[in-house]
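Reviewing the structure listed below.
Chains: A, B, C and D, in written order; residue numbering restarts at 1 for each.
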Amino acid sequence: MSKELRIGLVGYGFMGRTHSNAYKQVSQFFPSLYRPVLKAVCARDEAKAKAFAENWGYESIETDWRKLVARPDIDAIDICTPNNLHKDIAIAAAAAGKMVLCEKPLSITTAEGEEMCAAIEKAGVANTVWYNYRRVPAVTLAKQLIDEGRLGRIFHYRANFLQDWTINADLPQGGQALWRLDAQAAGSGVTGDLLAHCIDTALWLNGSISDVSAVTETFVKERMHNLTGKVEKVGIDDACTFHCHFKNGSLGLFESTRYARGHKALYTLEINGEHASIRWDLHDLHRLQYFDYADDSIVRGWRSVHVTDGDQPYMKNWWVPGLQIGYEHTFTHQVADFLKSLETGTPCSPTFRESLETQKVCDAVLASAKDRCWVDVA
Amino acid sequence: MSKELRIGLVGYGFMGRTHSNAYKQVSQFFPSLYRPVLKAVCARDEAKAKAFAENWGYESIETDWRKLVARPDIDAIDICTPNNLHKDIAIAAAAAGKMVLCEKPLSITTAEGEEMCAAIEKAGVANTVWYNYRRVPAVTLAKQLIDEGRLGRIFHYRANFLQDWTINADLPQGGQALWRLDAQAAGSGVTGDLLAHCIDTALWLNGSISDVSAVTETFVKERMHNLTGKVEKVGIDDACTFHCHFKNGSLGLFESTRYARGHKALYTLEINGEHASIRWDLHDLHRLQYFDYADDSIVRGWRSVHVTDGDQPYMKNWWVPGLQIGYEHTFTHQVADFLKSLETGTPCSPTFRESLETQKVCDAVLASAKDRCWVDVA
Amino acid sequence: MSKELRIGLVGYGFMGRTHSNAYKQVSQFFPSLYRPVLKAVCARDEAKAKAFAENWGYESIETDWRKLVARPDIDAIDICTPNNLHKDIAIAAAAAGKMVLCEKPLSITTAEGEEMCAAIEKAGVANTVWYNYRRVPAVTLAKQLIDEGRLGRIFHYRANFLQDWTINADLPQGGQALWRLDAQAAGSGVTGDLLAHCIDTALWLNGSISDVSAVTETFVKERMHNLTGKVEKVGIDDACTFHCHFKNGSLGLFESTRYARGHKALYTLEINGEHASIRWDLHDLHRLQYFDYADDSIVRGWRSVHVTDGDQPYMKNWWVPGLQIGYEHTFTHQVADFLKSLETGTPCSPTFRESLETQKVCDAVLASAKDRCWVDVA
Amino acid sequence: MSKELRIGLVGYGFMGRTHSNAYKQVSQFFPSLYRPVLKAVCARDEAKAKAFAENWGYESIETDWRKLVARPDIDAIDICTPNNLHKDIAIAAAAAGKMVLCEKPLSITTAEGEEMCAAIEKAGVANTVWYNYRRVPAVTLAKQLIDEGRLGRIFHYRANFLQDWTINADLPQGGQALWRLDAQAAGSGVTGDLLAHCIDTALWLNGSISDVSAVTETFVKERMHNLTGKVEKVGIDDACTFHCHFKNGSLGLFESTRYARGHKALYTLEINGEHASIRWDLHDLHRLQYFDYADDSIVRGWRSVHVTDGDQPYMKNWWVPGLQIGYEHTFTHQVADFLKSLETGTPCSPTFRESLETQKVCDAVLASAKDRCWVDVA
């Protein structure tokens, strides 16, 4: 008999939907001792909370996250709010002995994140941060190839995350759908939203970063603010690029923007090693590009690997070779791994502590951009 | 309040899984008056039926499809058995006044299909055949572009479905996982299994086919049979190609095989019109290639359209631009459209009657290959 | 000291330019005992012949090919005329003891080709037919891989040659630039012009063809004729598809058309073998796609081989890795190989005799299309 | 009657070959008042000079470039030596009243370049620097699209030049074939060799750069030196990345390395504008990727433009649509444009003066990398 993992979800936006979908689907595809149960969803707007609960099958609602955190029939709090609420909810949930699953980025600043880690670790509760792209099968496969030593010494790591949805200067900032443009709610712009993904994957695949040199830009300086009703200064970074040294001696190059016309959500990464190289991009997330210098020279070339076979990560649980899965399943995989971690008593990566490293790099990036100098990662 | 659509599923293989997943997911993403309820699953092997029911949440099981069909608490029978059982189940279900959703191909022969259509139409029950690739958003978009007249006069239609999973001569035939290699259970090889998909899409996008000239091949002549335990002659076609005339004056070219090393499940189609052309392939199902001759000549080229925007078919119900869905969602879309058809009282395409046309082409193809001559489509 | 190979060229059109360019360039890149010398160009229009000679550096001109053939200071006759003149010139040149390099297709019919082969062989003169695509380095590499046995048993060969330049119904037929649309001058349409290339490569890579079943179509039935000034019936095939059996047991599928909107000159080929598969297309002629089933399964995929390395065919004579050559160099390679064949006294493939096999397949294809039945290749 | 442009070439390496090939081919494809004549080639090694002259048809040789420069029968000096000789030869040639065509980079330092510009301009001689990638038709087309205003406000410019040929630590430095690894001869590593190309194109397409922040790395610290026979410190940069501000307000991101396993000579560039974006890469140099936001949203996507049509830059002089040209023709185009500039009396871009801007950026990049700070471009 499976055990219930009773979920209390805070937030009902885009991420509320991806997580709920994952909880609903995971048990049919990834057998586990634990089974998520959608116990309650919390949102300040009662009508919206009810509608969300009805659609997804949550048994109940709350309009105050403090009440949700206090409920004895909840095992795990899942935080899907804007970034500026992560800290308080996570600390309260940990204090109440709840497991915590927190949307990325962990926090707005490293200092906040430190508090959160301390709280979580003091409480000793299971925890994870939803850096879902680690669990794209092609990316997980990249990690496996690196761990097997196939790439040898690493020379270069590069990643970018390119979007184009904020080019229109008439787009307002703030409020429910557009809190990512509001520095108050989001903390930063593309750095915390998009580069955080790139950095998380990079630290996982290529180890620690020593120092960074960054530049940021805000192309549209003022936007109507949905909360104040006035045209206000834009406080976020629209674009950010940085280069860095990894501790393994390789060079890193990162870029993110919401002004790259033609790219909807193009997260790409490439790693160049002595023996082999790897490339991946989110727009064709089911493919991994792989170059192996050991191939016969006359037929050596980048291989386009269609990551849908049973011996590739996560794929034996889905369909048959050649049939691709989608974006949403990266969340399903994270839930599957979280459930497995409960069975085995091991952490579910990335933990709060691991995600704090990403926060440190983000802080260094923003400081470097502000001061126009190299900054060591704390 | 939503109304229940109580499903009785026959079969628990690959297609049983895709359909069950679609029933479970559809209501969260496609609001409808109707809501599928997983009432019962039927399989001869009780233990397997139970395990399947438990995994997917079916409320009950049956081991005899005749009992399932007779149950008053079932609204719709979903047929996921090997092809040779489609006819009897569909006719009995119709006679019992049940709606029928039948896996493709409709039948083993046109004659069987005629009986099924007659039964369904006599009963006046809602019905559909799971030619799921019509509901890949990129393919649905292709249909929309053609209906808008963007292609002009059509000159060429070509499609192929290439796999490589039966090259190994040691692979046996028959039995649960391998009934597709057993002529008794499957009726034909790639023609009914893979070309049927290509033909269904072609008839939908490009209209009727007049006549065909085909060739088939069986590369591995004998295989161990799982049911008899003996090496037996292989009765299916391993590969089939045909050219044809469409009634609109265009030429068609089709090919399917399970011996195309390097292709897992590569269904591709291309349509060349006077003004524009379209290409698509299943290995990157979220992309449509589009060439528009009206573009400025100096920047004219094939456009790689990432079909993930809200104004493209089905996509506003999913995530945000740039985030791809997967193979499984084609089934979700078919359920969504079936539910919508119940609301509006219109047929859900392809109906049994529409799918009979595909059967007629398949029969003509097999006859042409056998007699080495052109055959008119009945 | 190098020896002169004194060239007499008949025709000054597109192919006259490609051949002349090759003769001028070959000696700088492919050291040889022989060195082409542009001795004379022949065309009926004296002014055009003079202009061509001046541009390319031909030492003299003729306006009657019979005079050219008779000149003692010419070693080799290169035939770049419309197809209907190939036979007479080739036979006369052979009779005069000249080497003959003939543009493809060899002839309009197999019967004509037989006469040409007989004449050439009786005269014992060096000869070759300009099926230049054999000498795209990627295609030559494909041949090498097949000869090394890397593909194993072959199951499928498919090729197509897609263009879109005759869709406009106002395009006239006949005359200098448009003789390819005039059945009188060209013999056939896409079959002799484009499929002949596909067939030549196929016979080279995959061996003989036993029988064919074809269909042709003429989409635009009448066009203004440049020679008569009247609207006249179009006698050529605008499109042709055929399937066939190769003697090695594999199935072949071929298509050509000038009505595939979006494709300028897309010649593609793919070969599926038991162990490996190969793909190539002319629009990116410097790449070979290669799939090797022996690769580790988790990183198995189609390799995109950039054929620009020194150990790949012809490439050590050009630049450095990564720098692609162009279409014109396929002709340079054929001249280089012809010169080498003179040194070694071996035939330069394809010879007239070898190209006659392509003619036989073309004849079978046209007969099959006309009679709507399978036709054995003579 | 055409006029002779009598060329005196200094150097006989890779670039000596590309230039000679261009001089030999240009007149057949690009009609001009001027016609290059290969008058003399100069190299210190007499035997090598003779062999080169014989192969390419140079009428004479010199072993001292000062003698070449002094010859009255030479109109133009073409400098193909290692970088450290550019200055002296160019200044002497200008002083002798010769036109000067100089391989890139113009010079080792900006200071050197200033002297060269002063000399050239004082002499008033025609001059150009061989930044050949401007004349890839796809890149020239990009320039045209930008000049037509199709992109609107520019947000991002990114370029990289990735190679992998020096990963092997056993590769020596210095001497004829490997002078690019010798700081003495080359001045810098990838910055002057590869980034100089990226910068030249960027300045041409996107205007001036204000300031840069760079990092360089030397992965292999010591290599055997071919000239001294000893293991010596490597003085060049193996890799370099920099970000920058353009004066038009856009952000730039550049990277170059010879340690990117899998990339032979991958020069890519991308420009993101308000209305449209452009991408290009050298490994498929005949294609331009173009995204136009004005396209109908449902069929909007990156267009893969096969730049082989007569209305695209340079292409009407070559073959027919669909048939690609190669790397070498970028040099042919530069000669064609140089000849045209002589006819019209206008400069042939990039002139020495224009190329000096690239030198300034290179200097700023190297200074920034050395001092780990932002550096203004002089």
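The criterion applied here is as follows: a residue touches a chain if its C-beta (ideal position, glycine included) is under 8 Å from a C-beta of that chain, and two chains touch if they have at least 3 such contacts.
Nothing here was measured: the structure is a model prediction, and the numbers come from that model.
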One copy, chain A, sits on the other, chain D, after a C-alpha rotation whose size in degrees, in steps of 5, is 180
Counting C-beta pairs in contact for C-D and for B-D, the higher total belongs to C-D
Relative to chain C, the most remote chain by C-alpha centroid is chain A
Equivalent interface to A-B (more than half of contact pairs same by residue no.) among C-D, B-C or A-D is C-D
Whole-Å distance, C-alpha centre of chain A to that of chain D, is 42
Distance between the CA centroids of chain B and chain D (whole Å) is 55
Expressed in whole Å, how far the mean CA point of chain C lies from that of chain D is 36
Multi-chain touching residues of chain D, meaning two or more other chains, are 263, 287, 302, 306, 309
In the complex, the residues of chain D that touch chain B are 141, 144-145, 287-288, 290, 292, 295, 297-306, 309, 311-312
In the complex, chain D touches chain A at residues 155-156, 158, 162, 164, 167, 213, 215, 217, 219, 239, 241-243, 245, 249, 251, 253, 255, 257, 259-263, 272-277, 291, 293, 302, 372-374
Listed in rising order, chain D residues that touch chain C in their complex are 14, 17-18, 20-21, 24-25, 27-28, 55-56, 163, 165, 263-266, 282-287, 306, 308-309, 318-329
